[in-house]
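In what comes next, chain A is part of two complexes: it sits with chain B in the first one and with chain C in the second one.
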Partner chain A sequence: MSPYILAILLFSLGLGTTITFSSTHWLLAWVGLEINTLAMLPLMAQNHHPRAVEAATKYFLIQASGAAVLLFAGVINAWLTGQWDIHQAAHPLPIAIITLALSLKLGLAPLHSWLPEVFQGLNLTTNLILATWQKLAPLALMLQIQPPHSSLLIFLGLMSTLGGGWGGLNQTQLRKILAYSSTAQLGWMILVVQFSPSLTTLAILVYVVTTSATFLTLKLNKATNINMLAISWAKAPALMALTPLVLLSLAGLPPMTGFMPKWLILQELSKQGLPATATITALTALLSLYYYLRLTYAMTLTMFPNNITSTPPWRLPSAQLTLPLAILALAAISLLPLTPAAMALVAL
Partner chain B sequence: MVKFLFPTLMLHIHADLTNYRLMTLITQSSGHRLMIAMINVHLTLKMAQWLDEQHLNPYMAQTPYLPHFVLLTCWLLPLMIISSQHHMATEPINRQRTYIMLLTSLQFFLILAFSATELIMFYLMFEATLLPTLMIITRWGNQAERLNAGMYFLFYTLASSLPLLVALLLLQNTTGTLSLLTLQYSNPLNLSTYADKLWWAGCLIAFLVKMPLYGAHLWLPKAHVEAPVAGSMILAAVLLKLGGYGMMRMILLVLEPLSKELSYPFIVFALWGVVMTGLICLRQTDLKSLIAYSSVSHMGLVVGGILVQTPWGFAGALILMIAHGLTSSALFCLANTNYERIHSRNILLARGLQMVLPLMTTWWFIASLANLALPPLPNLMGELMILTSLINWSPWTLALTGAGVLITASYSLYMFLMTQRGPLPTHLIALDPSHSREHLLMALHLLPLLLLIFKPHLIWGWVS
Partner chain C sequence: MAYFVYLFMVGLVLGMAVVAVNLSPYFAAFGLVVVAGMGCGVIISFGGSFLSLVLFLIYLGGMLVVFVYSAALAAEPFPESFGTTGAVLYFMGLVGVVGVFAILYIEEGSGLGGCSSDEVMGMSSCVTEYDGMSQMYGPGGFLLVLCAWVLLLTLFVVLEMTRGSSRGPLRSV
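Here is the complex of A and B:
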């Protein structure tokens, strides 16, 4: 792809999200989401592989229908209440529809089945954008609307942590596993969005850091399934010793950074008088933990005690910059002691 | 606190910078650790003068029974390094360094867990110890089943301790604090509903699984059998005690009014477990598995002692935990010396070792007698105090505890007689003689045990 076109696409990707961030009008928010989607599609289909084109088509259909439903609900809202303001959307019907449309766009269970399929067709860089930047715009809208049905959001959250955990159990493809992991993580954020939006912000921040570290590691090793991960320790031994910690941070095991949002979300839920929900959510995290742990096993914990006799994989020097990966991995592992600072950062 | 934490952190750097030789690495690292333990011993002795009074001591801002666990941790970690020398000898130097760093972080987390003054900090560190332990089991174990064992270990512990986190957060909402220092002065909780009972269970079950209580103990023998010697040692000696320590803390601080009735089923399970796991030991052919089940059996007594909630019960539980920590760790080391020579954990393959390794037999003898609680060892004192408080609670427990004591004696003797006495099997040729490293290891385990009985005041905490 020509660098000029790539630059235009990336700028539009940023522009769409920024428009959605800064809009107070439903129509403009929709415009931002559409620009975002349309800029993403060529990036997805840039290497003309049938699988990538298929993924781009699926992504287009899902995002377009999500955006259409969103626009539809915005119009109904204008019809019923007479104004287009995002903050003042008070009627329960359009807000419920908008919540569902946004959860389709985000890939929350039970509207998540497109996500693993799309992830599987793309390369790891595009996946990284899809798992982090593309989540921001819909999540920003989710933060702004006043949720009418607390039970709807809790249902979506629980289904996502459960579905995200369950779906990843039998996968051997890393991209699918990370897609399910994304669903599960977003479930945690959605659970708490109505009680403490700033906590959701903190959670997405931590998720972006941990998942970026994971994707960059996989990209460095060019690993897309568990078997390739299992032989990549020879390429970067030190990195492969750290990566289990990053993965378990994604799983939310103390003392890593990933435990911070989980802890605060559980605290908020129990403060809101939902201890049963908190317990169930915490236990569904064990489902996700199982597949992270399997990756950990394959990567580091089953290494040969001594030098192996089989031929190691071909080692080409990678052109990828390692500094971002180093910073992200360190942040993903060791920021838990900074919990008070992080809480101050998002003004909890 | 900083007196132990800082040197412990420095061990990371030490492992990285030290000379390119295994012997140097291991000697220096364990020597350094022993020095930390010595500072700890010094402080503990100093604290003995505050033991009689129930107030906080100026060294660790803690109640009297805590230094024991920190001391146990600091004492056993260097022993773990000494014991895994043979295991590590064939590894490349970088992996040896990683291994020592792993043990160092485990020590760091354990010290923080035992000295936490916030319940949430305790919880964090309780969970943080899972990760190094998991790595010790699955990365450094030998058989393929270690992966399963690691899964069992992690999921049993996490499934029971995530409800504990929610329970702690709820407690914080009710009382406004989780500080161990101020929690006892907050208003007594009004616990009457079913939800409160569930909360009670949530607070306790994590520790009961960690202990482990009979019925939730299946992860322990697996983990012990698959872990390398250091993993078995730390599991039996310190990590199980984390459960007992947490139970004591929680019961004393917040669970008081409900525990009287709700603890019945758990006491029943614990005492039933003493007998059942003892019987399992009697028909065990796997040496490490035998010692692991014997741990479950002893921990059953500890759970019983804690749950009847009398000062004697607590003191007995504390004494038994310390004594069992040293004893079981010593037994795992002995099992490992066998394993390093025979390359099998099977008891039937390593019989009659007295003929070839007579001095080791002495250590086996003392360790077995400690395991079956022979006077004058502190194990006996712990068991007697627990038995007494249980009889005081209900005389019928004598049937179970009495049978338990009898069975413990039988399987300890079975273990000793099978491994040490009798004719030497003909396949045992060209065994290594026992190294002075191994004798040092056993002496460092068993001498404290023998010495403790001269001043039991140090480990019995409350009763004075």
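Here is the complex of A and C:
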């Protein structure tokens, strides 16, 4: 792609998220979301492969309908309450509609079926942007609305952790596994958004770090399914040793960083008097843990059969920049002792 | 005068039902023309004459004309029309659903059921419509520049998505 076009698209991607972050008017929030959708499309379809264009089409339809429903709900809110401000008290009907529209845009269950298909059609770099950056703007809006009925958000959260865990169990394609993992992690974030928005902020920050480390690892190994992951152990042995820790951090296992948001979320749910919800959420995290463990098993814990010439490959300098991966992997593994500082950072 | 407003609103619903029956694009375009025309009439009845003129020019004269040309490029020999099975029934079903909801949920006093001559709404002495449009160029300058940027971005996006014409997966003409 021409560097000028790439610059325009990346700039618009940043602009859209910034506009949604800084807006107090529903119309401007919608504008930011639409700019993000538009700018993402050519990035997704840049190699013009039919599968990539199919993924771009599905993404466009889903995001456009979500944004349209969001706009209609904002208009209904303006009709019923007379003002467009996001932070002012709103009528509960448009708030419920906005919650559903944002959960469609985020890929929360039961509105998550588009996510694995879109992820599968794209290369790992575009998936990285889709899984991290594109989640920030809808989550920023979700943090600001105050829904009066807690049951909708808890339903979405529980369905997402359950659907994300269960759906990823039968997958061998890594991009689909990561799509279901995205649904599950977002479920955790949505569960606690009405009790403590700071924990949602912490959870999305930790999720961005851990999932970026995972995507960059897969990109370095050029692995898109479990078989390719299994024979990639010889390409970068140090990475092979660190990847289980990164994956288990994504799963939320102590003593890695990924445990931090899950721990604090379970504590917050128990403090709010929802011990059953906390228990069910923790149990559904076991489903996700199983497919992360399967990836760990394939990559590190076993040496898959391979021909003799692939096992000691030439360790050439990697064409991919490895500094981001190094920093993110380290952050994903070792930042759990910083929990008090993290809680202060997000103003818990 | 109130009957004109009723006529426009009924025409709006019927036009939208034509679009929703999902026939060949030519009929949908015709339905959209009816919707836009009747919608402009409803806007005029609320005092927004300039806005309805802008809607006619830009929506009907600009976007719909481009849509009709694009639809004509993808012509098919046997377009699905109102004579095909189920289309008329679907249409009547849609209009019936709207009618049921209208009868059940629209109270007498609210403005949703149209206004008679002694319940005029929104005819204020100051014409707020031009004021709103001038706000877009003054205090709303940022949004104007943003909209211009979004339109330029859309152009680049469309050109990038259709790069390669027949060599890519999108069907070319």
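Keep this in mind: the second predicted complex is superposed on the first by the 333 of 348 C-alpha atoms of A that agree within 3 Å, B and C clash if a C-alpha of one lies under 4 Å from a C-alpha of the other, contacts with A are read in each partner's own complex, and residues count from 1 in each chain.
Rule of thumb we're sticking to: a contact is a pair of C-beta atoms (placed from the backbone, for glycine too) under 8 Å apart; a residue touches a chain by one contact, two chains touch by 3 or more.
Because the structure is a prediction, the values reported are computed rather than measured.
Steric overlap between chain B and chain C is absent once the structures are superposed on chain A; the two fit side by side. Of the two partner chains, chain C is the only one touched by A:Leu41; chain B is not.
If you count the residues of chain A touched by chain B and by chain C, you find the higher number for B. When the two complexes are overlaid on their common chain A, residue A:Leu338 makes contact with neither chain B nor chain C. In the superposed pair of complexes, A:Leu80 makes contact with neither chain B nor chain C. Residue contacts after overlaying the shared chain place A:Ala326 against neither chain B nor chain C.
Touch criterion met: A:Pro255 reaches chain B, while chain C stays clear of it. When the two structures are aligned on the shared chain, A:Leu9 is found in touch with chain C, with no touch to chain B.
With both structures placed on the common chain, the touch criterion links A:Leu266 to chain B but leaves chain C unconnected.
Superposed on chain A, the gap between chain B and chain C at their nearest CA atoms measures out to 44 angstrom in whole units.
Looking at chain A, you'll find no residue that touches chain B in one structure and chain C in the other. If you check the complex, the residues on chain B that touch chain A are 90-92, 94, 98, 109, 124-125, 127-128, 130-131, 135, 138-139, 147, 150-151, 154-155, 158-159, 162-163, 165-166, 169-170, 172-173, 195, 199, 202. Of all residues in chain C, those touching chain A in their complex are 143, 146-147, 149-150, 153-154, 156-157, 160-161, 163-164, 167-170. On chain A, the positions that touch chain B within their shared complex are 237, 241, 245, 248, 253-255, 259, 263, 266-267, 270-271, 275, 278-279, 282-283, 285-286, 289-290, 293, 297, 300-303, 305-306, 336. If you check the complex, the residues on chain A that touch chain C are 1, 5, 8-9, 12, 15, 19, 28, 31, 34-35, 38-39, 41-42, 45-46, 48-50, 53-54, 56.
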